[in-house]
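Can you read through this structure? Questions will come right after.
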């Protein structure tokens, strides 16, 4: 009944990544997904600062500050990994070579519009866009991972984004703390629901019409997904 | 774990069909994948659009494709000294789109990098400007050049690992590295396949994200 | 024989003047040349236009330049979590041109490669389209993005030979490799300088044709 | 009195290359210049197929067909040489990183227009442009090396090119079998003359007005250049 926490949500997303796919995990919450990708899945992680086949964090004391992730945290390189420059890193992104990018978001519209960049309008800080916009436009499949509602209870899955957009019509699937929602040509379709939540309750905190998929999975409190 | 290894050239070109666009790496013989070139000739597909810097010299190279009439159109920078292509060309049996070499490689790069086009200073004021949009930036004229992509890219590497990471040998890298980014299916003929981790991650030229199939070309 | 070796960071930045445009490599600290960054701060030039992916975190990095008010404008993708830049920005003392990271690196590449501009799908339908020419190709909309060049590019390499060929270390390659192609004077801070022939010609990332000055950065 | 042969002309051009410069020698006659560049000059040769610091031809029996020049002949790599892909090779050219490119030509106009590509209109062969056009547009200084007149005696240094152009207003200096001619904003200026040839004789076989530089060198039969 409680919304999924960050870890459980990361586990949920991690379990759904396609076998042997090339995946970019955006900075912020999506980074944690790496800890929950089953090794047998063969997923190969891309990092926009010039790494392919990124491995887990190094042991304490073994950090190499020339070997960092897009979040600027120390990482390792898995066997068969490669280093390259930023122009090739972004060619991979913009050129459609990344199978799935998982991004955090502030808002997603029913058409798949994405608002996820820090404009600085709220916090008085300088704005920052980084590489998320290139991913949003270029990856074959954009998944979003976010709390279902904002801290003030406002819907984040909306009819129209009110925040400045990162990209239009790009999000394919939304993983929230309450549900998995597919963005289809006919609108939003719920493909999985957190145990104990009904569609009515989900609709009540969602800013765009929802319908259910032919088959709806149930999400356990730990992020495990089970099909009927 | 990802495994890009296929058994042979026939497997590497599986799915190639009549009417496909095909990029073939190489500058002269360096970078041209010989076993793949022969396998395509054996398969006998027709109406190919071929993207390649040259059009085959003589013998066991792209000449085979022209001799057998597989190619409908070639997009190329220097198709001279190519006996079989020349015969087809004079007979009006094959269409030629002549592209300056730097523009050719940059158009392929754009296709692989998701760039919708680029402004080139090359060709302004010449026959190569024909049919192209001219755009002026900062008082200088440029031609708008459009990206190239292909159904298949066939290139020659030196070593690959089983994931599909590839290195090249000396000047055989040439057009291979960009072609390997710009096709729906990328097949690489190599001299040797190694385990992941055996290649220096600083020296991999084509990371495995671009590569679908690798195999060891049997040298005669 | 060509000799790109200079004695120290002060010699590497010789000729830098007020009002110059300067590219500084790095993603976070990886690829940022620390001795050069300090030398520029010591020199105290002003009204710089800075092209960099970040705007300094805190301490001994580009923060120094903002703390001392050296920068008039920054062209950057992610200047957040940058205390000194943030203060200058809020005070209206520095102009910010915010550029998506992939567009930033591609604009620099275009500057180095003699490309007059390119069509990017990134930013269409967003605030980043403001003021840019929109061009439609094959039914898809693109923004025309213009090249970036600089008076100086300052980057961090791993090894250089005396001719000026450069390798990088792991993920520190990032923006350094393109920046090293796009400035009138390119200076590279490295850990070690070797004789010509000591670097593997297959692994050189920045060939010496792009590099004017190399020196060994003394690490504290 | 006899026009310079290929070898003597190659020696002449080779002796004039700036110290420590990055030079591309076009296919055809310019290739031979490599044999006449003084080792002490420190010239670094670029080849459009992905080589920097190209060395001389290998010893017989040591050919490596993956290590060839733009002319597709076996070469070697000098110490400190590098391999790279064609996109970087042409970035070097188009981006203004080559100091001097020496190209063959059919015609050069008084404004520096260059006609040097094989259109196939004359020989019935397919046309070929290759990379010469990228060099012509991109290198900082374009030098042309050619016989002063065509086989039929027609001028090749002309007021206006009649052959299809490779590039407009790019040639800076013309080395012919009879003279060295600078292309200036005020027209063609003869800076060196073959021993035994007068300006009148040169003008008679040239299709555009010539004037002499303040100082005119004399070219010996072996291609040696001497200043008064």
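Labels for the chains are A, B, C and D, by order of writing; each one numbers its residues from 1.
Assume a residue touches a chain if its C-beta (ideal position, glycine included) is under 8 Å from a C-beta of that chain, and two chains touch if they have at least 3 such contacts.
Keep in mind that this is a model prediction, so the values were computed, not measured.
Peer 1: What chains do subunit B and subunit C have as common neighbours?
Peer 2: The common neighbours are A, D.
Peer 1: Subunit C to subunit D: how many Å between their CA centres?
Peer 2: Once rounded, the distance between the two centres reads 35 Å.
Peer 1: Centroid of subunit A to centroid of subunit D, CA atoms only: how many Å?
Peer 2: Distance between chain centres: 56 Å.
Peer 1: In angstrom, rounded to a whole number, how far apart do the mean CA points of subunit A and subunit C lie?
Peer 2: The answer is 30 Å.
Peer 1: Which positions in subunit A touch two or more other chains at once?
Peer 2: As it turns out, subunit A has residues touching two or more other chains at 77, 83-84, 87, 90, 93-94, 137-138.
Peer 1: Touching two or more other chains, which residues of subunit B qualify?
Peer 2: In subunit B, the residues touching two or more other chains are 106, 109, 113-115, 120-121, 168, 170, 201-202.
Peer 1: Taking touching chains as linked, do they make an open path (line), a single closed cycle (ring), a hub with spokes (star), an all-linked set (complete), or other?
Peer 2: other
Peer 1: Show me, using the given definition of touch, all chain pairs that touch one another.
Peer 2: Pairs of chains that touch one another: A-B, A-C, B-C, B-D, C-D.
Peer 1: Going by the contact rule set out above, which residues of subunit C touch subunit D in the complex?
Peer 2: The touching residues are 1-2, 109, 111-115, 161-163, 165, 181-182, 195-197, 199, 201-202, 204, 207-210.
Peer 1: Write out the stretch or stretches of subunit D touching subunit B in their complex.
Peer 2: Touch residues, subunit D against subunit B: 47-51, 64-68, 70, 72, 77, 83-87, 89-90, 93-94, 118, 120, 124-131, 133-134, 137-138, 164-168.
Peer 1: In the complex, go through subunit C and note every residue touching subunit A.
Peer 2: 27-31, 53, 55, 77-80, 82, 85-86, 89-90, 96, 98-103, 105-106, 109, 120-128, 168-178, 205
Peer 1: Show which residues of subunit D lie in contact with subunit C when the two form their complex.
Peer 2: My answer: residues 20, 22, 42, 44, 46, 52-53, 77-84, 87-88, 90-98, 137-138.
Peer 1: Mind listing the subunit C positions that touch subunit B in their complex?
Peer 2: Against subunit B, the touching part of subunit C is residues 106, 110, 113-121, 135, 137-138, 140, 142, 144, 146, 167-168, 170, 200-203.
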